[in-house]
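Okay, so chain A shows up in both of these, paired with chain B first and chain C after.
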Partner chain A sequence: MTFSWKRVNAILQKDFKDFSRNSAVSIIIFLPIILAAIYGRMGIDSLQVHFMTINMAFAMVGTYVQCCLIAEEKEKNTLRGLMLSPASTLEILGGKSLLTFVLTIVVVFFSAYLSEYRPASMGIVAFAIILSTLFYIGMGTLLGLVAKSVMESSVIVLPVIGVFTMGSFITAWTEKYPILKVAEFLPNIQLFELAEAVEQGAGFVQVFSELGIIGIWIVVIFALTVVVYRKRMVD
Partner chain B sequence: MSLKFIQAEKQVYDSIVFPAFDLTIAGGEVTAICSTVNIREQLIEIILGRSLLSNGEIQYADEKKLAFFFLHEGLHERLSVQEFLKFFHQLYQSKQSIEEITRLVQLDSKKNKKIKDLTYSEKKRAQLAYILIQNAETYIMEEPDQNLDVESKRIFIAVFNELRKLHKTVLVLTSHLETAVTVADKIVRLDDKGLQIVQTEEEHPEELQNENGKESEAEEKIVQPIRFEKIPTKVNEKIVLFDPPEIDYIESTEGQTILHIKGESFPCTFTLNELEERLYPFGFFRCHRSYIVNLQKVREVITWTRNSYSLVLDDVLKSSVPLSKTKMADLKGMLGLK
Partner chain C sequence: MENAIEVKGLAKYFANFKAIEGVDFEVKKGEIFGFLGPSGSGKTTTIKILTGQLDPTEGEAFVFGENVSHLKNPKARKRFGVLTDNSGLYGRLTIYENLKLYCELYDLPLSKIDEAIGFVNLKEESKKKVATLSKGMTQRVVLARAILHEPELLFLDEPTSALDPVNTLHIYEGLRALNKKGTTIFLTTHDMQEADTLCNRVAFLNKGKIRLLDQPNKLKKQYADATITVELTNDEKRQLRRDAAGAEEMYQLMKDNRVVTVHSNEPTLGDIFVKVTGGELV
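Entry: the complex of A and B
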């Protein structure tokens, strides 16, 4: 089976049309943007707030939309038709991920723009954001494989939104509850630390450990997705 | 291109779903397998490769050349018919013309409508268009015309003719003999007893008359040793012939004779008296003024009161047939009881 961009493209187009007409899911992409605009107008200019909206964009677009796209194919019984077609699973998931990826980047860009976040080094932050997007899409794919319907996917995605959006505040409690130190390894907090370092003028070499940890998260989530996929597709 | 079942056999937990059978479906031919829902589902699972045959094998050209028309298929409801077909056109990198196919299933006036706004029958036609786009060699259709409106049934039959012309292999899986008779050239019945070929004849009014003429001649010369022993029934425009041993019982209601076979009923043009005479050598028995029963199929004789009796048959439905008092004596005689 050869990997064909034509088929990926077909799936991307179909999913885009499908997604844009599904207002219940597509409306969610405006939430981070609106929130960012409000914070921006209020003149709040702390890194923590910037990254709250960006992380919200990750969780709501990268994870939730990806999860819904997959779960809906299962719920509507259209996945069987796709699986019987010449398109391989990689192409099906690839087309969907590509759509989510583009959407996430666009939403993150507008959130950052509207909340007036101007990073000191665009290159490093952009690279870290692209890496994080991969992680959240992997997470969305994993949840999409587990969820059986759109309804279920919107429930199981809630803890993800909770942990990764509000996660930046967990660090405030680490003094009181040392166990929460583990949370510092979460990709969203790593991203935040990276952004802080960048503001202090750090280069690629100084933030290598943060990028490395995000990279490890990506590997872990993709490995988990493959395992779950193998298990789910047997039955 | 053909689809071949070779000594295919399936058992689940020691019970036979279907015993070994051979069947070859040639190109340019529509074959129908008439079976229960269980067997139909098992067959589809096996062809899909999700479940294995207990024995034997199924041969076909190429897995990618199979197209499936499922009874329960999800369509991408938010896309319009045109977009939906275009999507699969790209996915299969098909060379078929979308317009031609839309016209064939007569959805061209609705091609900009979203699929969720179509009626059930139109959705089924969209589904049909989508499997035509695949340009497969072998088409497997599960209950193609179930719950369809008359218009769509007509379109389906036209599409079947088109597929025949293109020399495609078509396998129809259905539980209704009526569907099978309407669409297929070759009909087989598959159940836990094995595969049986159901013979059909196209109805040609003139020939039919001739046949009737011959038969009445034959009846005049009563000593003719060889007689046509199949019982014809009429389903739509076709005549289906049944072997007498297949028949469970025959009933006459409101002047119409009805054959009961495996829980299905088929109208027959003969009167009960004619059938009684024809079927007597096969062990049939006139047990009531309006019933003839196949004695081989009788399991129990139930006595309700001294004057009323019933025969319980060994068929799928465990049907019971009334037995009149006068006939009870005859039956006892036939059974060798006093």
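Entry: the complex of A and C
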């Protein structure tokens, strides 16, 4: 497989220009930051609330924005143009994900800063956040490839935003509904458990299983994305 | 001469619908080959198979001697350019920005953008956003993108369908110039005049099957009836057979100074298509 940074950078630059002129989608990135600022000013200092805003940043920017960008490429047939160019699958998907990756990290950083979340170990939480960002972008890419239009993409992404933003609250019902124990393996729950462990002084070794589960989600979501992308290459 | 395209027994079925069936043809390097037929005859399906966007149900297709399945390899895609009716341009970006993206994807110097924009006569509009362009201008930008890297093989799906006559002629000149430089052109159209003007050979496609394939001139001679039309000074039009009796009548008319114009009765490609397929070119 070929890989050229020049081609990835060309797609990134094009996405940046296109995104900055698309106010309908670009305005979304401010929502998690505004919510975090409100919580911060209200003086709420609960790990669950901090991660609600962080998960919202993941879902709204990493997944929703990415989903809309990919679905628009499909709807306007521009993805077909990229597929017929010499750019490889890795270059196209990499280039298409880089802008959302940077935006997600920036929005998560500002959300955490404004809600005054100061983790006990910045290194571990930052690493877990970078891993989680990859998962949410993979999810956005997959949904964007599955959706037939931008309109459809904003509908199919809603349950994802619901589950991954509010997912932490699902675990409260696991005693009444044991089937919901499955939700404990969701990447957002794993990230929250990791953050809780870090606050209690856990190091990299103690949170390895949480990082591993998030890693498995990333592998699964990207494998699915590549399969669907390759199918989309052929009408 | 080596073949740029070779197609053997090609078929594509969508459920029970046979889009193309038993299609055989070859396109020589340096040729302008016209694939003619009405809407729904299978022209776009064939282009999609030849550019690796569709897998054939049966048969084989080769581009530059390689099976089209190899076109999934990004390097192989550098050798051809495609213009389809789906624009595939970024509406919020300018013409220049759209072409810059492709310049960088093909690893070309940015000077190629001006060449391509000049080719399609859009130099003054290069800073306009694509979303604000007319359909004809958009079509020209898509063409500029397809020829940006001076491909060895150019697939054009109805390239002038949205253009006015002046720009159509400008594009024809450009395509001939590209062809002179060595680009093989595979052109699909339902405009028989366009095919007659540009193509070295044409294939008539109807209901997914090739009905006729040859040089436009040969086809016109083959299907011409043996008459000429003579317009006389009294506005009368007389059909004369091209035989001894016709020659004698012509001699007499000329001797009497009654002949204004003389036309051979060659059919157009459109006439031949209708005669061969029994269908209309819509």
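The rule we apply is simple: the second predicted complex is superposed on the first by the 234 of 235 C-alpha atoms of A that agree within 3 Å, B and C clash if a C-alpha of one lies under 4 Å from a C-alpha of the other, contacts with A are read in each partner's own complex, and residues count from 1 in each chain.
Criterion: a contact is a pair of C-beta atoms (placed from the backbone, for glycine too) under 8 Å apart; a residue touches a chain by one contact, two chains touch by 3 or more.
Quick caveat: nothing in here was measured; it's all calculated off a predicted structure.
Trainee: After aligning the two structures on chain A, examine chain B and chain C and state clash or fit.
Mentor: Aligned on chain A, chain C clashes with chain B.
Trainee: Answer with first, second, both or neither: which of chain B and chain C does A:6 touch in the superposed model?
Mentor: After superposing on A, A:6 lies in contact with both chain B and chain C.
Trainee: Quick check on the superposed pair: does A:233 touch chain B, chain C, both, or neither? Answer first, second, both or neither.
Mentor: In the superposition, A:233 touches chain C alone.
Trainee: According to the stated criteria, A:209 is in contact with first (chain B), second (chain C), both, or neither; which is it?
Mentor: neither
Trainee: In the three-chain superposition, say which chain, chain B or chain C, touches more residues of chain A.
Mentor: Counting contacted residues of chain A, the larger count belongs to C.
Trainee: Output check: A:46 vs chain B and chain C. Expected answer is one of first, second, both, neither. What do you get?
Mentor: neither
Trainee: State whether A:14 touches chain B only (first), chain C only (second), both chains, or neither.
Mentor: both
Trainee: Have a look at where A:81 lands relative to chain B and chain C in the superposition and call it first, second, both or neither.
Mentor: both
Trainee: Go through chain A and flag every residue that touches chain B in one model and chain C in the other.
Mentor: After superposing on chain A, chain A residues 4, 6-7, 9-11, 13-14, 17-18, 21-22, 76-78, 80-82, 84-87 contact both chain B and chain C.
Trainee: Looking at the complex, which residues from chain C come into contact with chain A?
Mentor: Residue list for chain C touching chain A: 48, 51-55, 72, 74-75, 77-78, 82, 86-93, 97, 100-102, 104-107, 145.
Trainee: Within the complex, which stretch of chain B touches chain A?
Mentor: Counting only chain B, the residues touching chain A are 48, 64, 68, 70, 72-79, 83, 87-88, 90-93, 114, 130, 134.
Trainee: Give every residue of chain A touching chain C within the complex, in rising order.
Mentor: That would be residues 2, 4, 6-7, 9-11, 13-14, 17-18, 21-22, 76-78, 80-88, 91, 233-235 of chain A.
Trainee: Within the complex, which stretch of chain A touches chain B?
Mentor: Touch list, chain A to chain B: 4, 6-7, 9-11, 13-14, 17-18, 21-22, 76-82, 84-87.
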